[in-house]
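Each of the next two complexes has chain A plus one other chain: chain B in the first, chain C in the second.
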Partner chain A sequence: MRGLCFFILALFSLSSTGQDAKKEIQKYQQMIAEGSPVELYELEGETLWKKPQGPNNVSLEKCDLGMGPGVLKGAYARLPRYFKDAERVMDLETRLLYCMETLQGRTHKEATQRVFGNDDRASEMEYLSAYIAAASRGVKMAPGMSHPKEKEAFALGQKLFFHRAGPWDFSCASCHGEEGKRIRMQDLPVLFKPEAARPVVATWPAYRVSNSQFKTMQWRLNDCYRQMRMPEPVFASEATNALNMFLTATGKGEPYRGPGTKR
Partner chain B sequence: MAGPMKMRATLAGGNTDVRVLMTHPMTTAQSGQPLHFIQTITVKLNGKPVVEAEVSQAVSRNPVFSFRLKGGAKGDKIEVSWLDNKGESNSIEGAVA
Partner chain C sequence: MKRLAFLLAVPLTSLAQGDVDKVLKRDFQPRGQATMDRIVPDAVQRVCNETSDKPPAELAKTLEADQLKTIAFPSGTLIGNWQRGERIAQGGRGLTWSDKPGAPNDGSCYNCHQLSPRESSFGTIGPSLYRFGAARGNGPEIQKYVYGKIYNAKAYNLCSQMPRLGYSGTLTEEQIKDLVGLLLDPASPVNQ
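Here is the complex of A and B:
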């Protein structure tokens, strides 16, 4: 009888330790979110948005992110969406790339030379993403979901999410398909479930405290593929846009509260 | 060129809370790269120095600092500046809100 009592007590304390760990992790996340350097990236992004560049020597201020040329307020919350002029579904970075090529006259090669930065210097895309995403704070995430091309992208993204391949035979769902999993301090959200995808969609792009870098969704997808030991996906490709569409559309509906701050 | 800074100064129960973000690599000796870190931070309230802080390498990249100043009133001018070991500096000015 006594033994059983001990056993029950031990069980109880075990599960409460799990709860405590979760609480402590939340507390830690809250602490790093206060005083996050995200705002510094927004400021730098604003400078870049207004800086004349490329052969045409113009800024990106006339770039149409879907709400009309130069309209930033709420633009990020409507992405990815179908763009008639480009005849394809585009997320923020893909659209920015399009504007760099069409407005500023830059070559694809030059504009994609350094899309992901390092801890010494973020990339142009990262700074710009911080600035533009911040202009959607408080706006409900509502990507385009009505155009046939948007539906097509969603379906393709969904397929890719569950598609197992590569030397480890992994899919996105291998890590993001089971409840209650985490790697070290990071919860692994089940991204095909709206309730798990919403907080993710509402906080990317984000600043990473552990490596002092600002990271975008295109980077996140790229790095997931690296972690799965798959070939590197092409930046702003149909595949990465489709995956982003699948994730964003799944996690739609929550007001944007990023750019976030992650572990 | 030093990257941007951002500051917020708000009144809270008779005190002024100053919160300031700085862009700085804060490179330490362990990184193998040349040392590069903020050494002093000065906070001025209406032109009068109220905080002189000595900062070491043991502070993160892009640091955030907050100070609680006694007193202060709406519209008071706050200036925060930093100076690093390479002699680079930056400052930001704002009013208490």
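Here is the complex of A and C:
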């Protein structure tokens, strides 16, 4: 995996112009997608899904991700959605956290101690996300959009997306608000436009080659806010779920083809 | 201020700004140097949020004049060292919760702008600044404009996407002068 990082650096230094670099990056993206280690994360996720844990010493196999207890096929493609038992809109990670607390009897504190991993080891949440998302491959992304709470989440997410604050006056739209823009060499999808959001929604969570890590949407939002110079969004909060709902509902309709492989 | 209050009373969606502020205060937490006071939008941000970055011209003019007053222009030449300026333009450190508080910050300029032709990895959110000085000279007026624009971009365009790098405490007076040098010094690679 380290070798790949060197390869990308070499590519950048070899290319003399922006256009050349872009073509090289496209070639590179194709290549890394073919040799992605995503499957390894899926396998570890399956092990964790079936592993008895917590004070109740039970696995997550009875966790209801919206399609009934233990049903994984197509469950990720229907998230985020409103859950009656929790009386709130939940994305995958928020729902997993709910199951860890209610089924396994784990405390919120313990279950959220290490939600984002590093290049040594992914987090439990990341492994599980890989496994569960993979079970939606080929299923059209269709988050909940009919319940009043789902509509509320969408409206809040939309508002947050355009909300400028912090010492650098940034909102999500500062980077993802205009067609054809990039930061350094990184193209920036205009995430409030369905055609740009669809391929994003269809491929997260994803393995990131540049840091050899598997990353989830909760992490993606978290790290965007870090770069926006803002305080940290609370994991699985209403705000992060609302943003995830706004992005997923905007980019709905494409068959899921993740977990993806990113630069 | 009366007109401003009227403007703010008309929300863009059914969701009131007050509700969003409440969510932000509840669902964000301080981390490192990223303290919670950053969540609350200031007067400029509030107007830009409420008008989707298209403030009424008269209001924009008033608030831009207020922002201009925040800039303390140093006396003498504003053209610093372009070599140091290039390093500041390249770097992206500063103000995030993972940055060490008190360590020198950078300008993140290349993230959004083309500058020196030697750097092919540049962003395009802002305009290209290649040959900025070559096209405009380096007299006192343009020096003052560039210094001011970097110090507080909102003094010139209220809802500009560019951070207020001096006003926010990101860059020091010395660092901004070095960036002015990078843009205006005839010897700078930007002007080659």
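Assume the second predicted complex is superposed on the first by the 238 of 263 C-alpha atoms of A that agree within 3 Å, B and C clash if a C-alpha of one lies under 4 Å from a C-alpha of the other, contacts with A are read in each partner's own complex, and residues count from 1 in each chain.
The rule we apply is simple: contacts are C-beta pairs under 8 Å (C-beta built on N, C-alpha and C of every residue); 3 or more make two chains touch, one makes a residue touch a chain.
The structure presented is a predicted model; accordingly, all values stated were derived computationally and were not measured.
*Asks:* So, on chain A, is it clash or fit between chain B and chain C?
*Replies:* Verdict on chain A: chain B and chain C fit.
*Asks:* Identify the partner contact of A:P231: answer first if only chain B is touched, second if only chain C is, both if each is, neither if none is.
*Replies:* second
*Asks:* Identify the partner contact of A:D119: answer first if only chain B is touched, second if only chain C is, both if each is, neither if none is.
*Replies:* In the superposition, A:D119 contacts chain B only.
*Asks:* A:K23 contacts which: chain B (first), chain C (second), both, neither?
*Replies:* So A:K23 meets neither chain B nor chain C here.
*Asks:* Report the partner of chain A that touches more of its residues: chain B or chain C.
*Replies:* It is C that touches the greater number of chain A residues.
*Asks:* Looking at the overlay, does A:K51 come into contact with chain B only (first), chain C only (second), both, or neither?
*Replies:* Once the two structures are laid over each other on A, A:K51 reaches no partner at all.
*Asks:* First (chain B), second (chain C), both or neither: which does A:I183 touch?
*Replies:* In the superposition, A:I183 touches chain C alone.
*Asks:* Once chain A of both complexes is superposed, is A:L40 in touch with chain B (first), chain C (second), both, or neither?
*Replies:* first
*Asks:* If you take every C-alpha pair with one atom in chain B and one in chain C, what is the shortest distance in Å after superposing?
*Replies:* 21
*Asks:* Inside the complex, what are the residues of chain A that reach chain B?
*Replies:* 35-37, 39-40, 43-44, 47, 119-120, 212
*Asks:* Give every residue of chain C touching chain A within the complex, in rising order.
*Replies:* Residues 13-15, 19-20, 23-24, 26-31, 34-36, 38-41, 44-45, 48-49, 52, 95-98, 110-112, 120-125, 154, 161, 163-164, 168-170 of chain C touch chain A in their complex.
*Asks:* Mind pulling up the chain B residues that touch chain A in the complex?
*Replies:* Touch residues, chain B against chain A: 3-6, 19, 21-23, 25, 60-62, 64, 66.
*Asks:* Spell out the part of chain A that touches chain C in their complex, as residue ranges.
*Replies:* 12, 15-18, 21, 155-156, 158-160, 162-171, 174-175, 178, 180-185, 188, 225-227, 229-234, 237-240, 242
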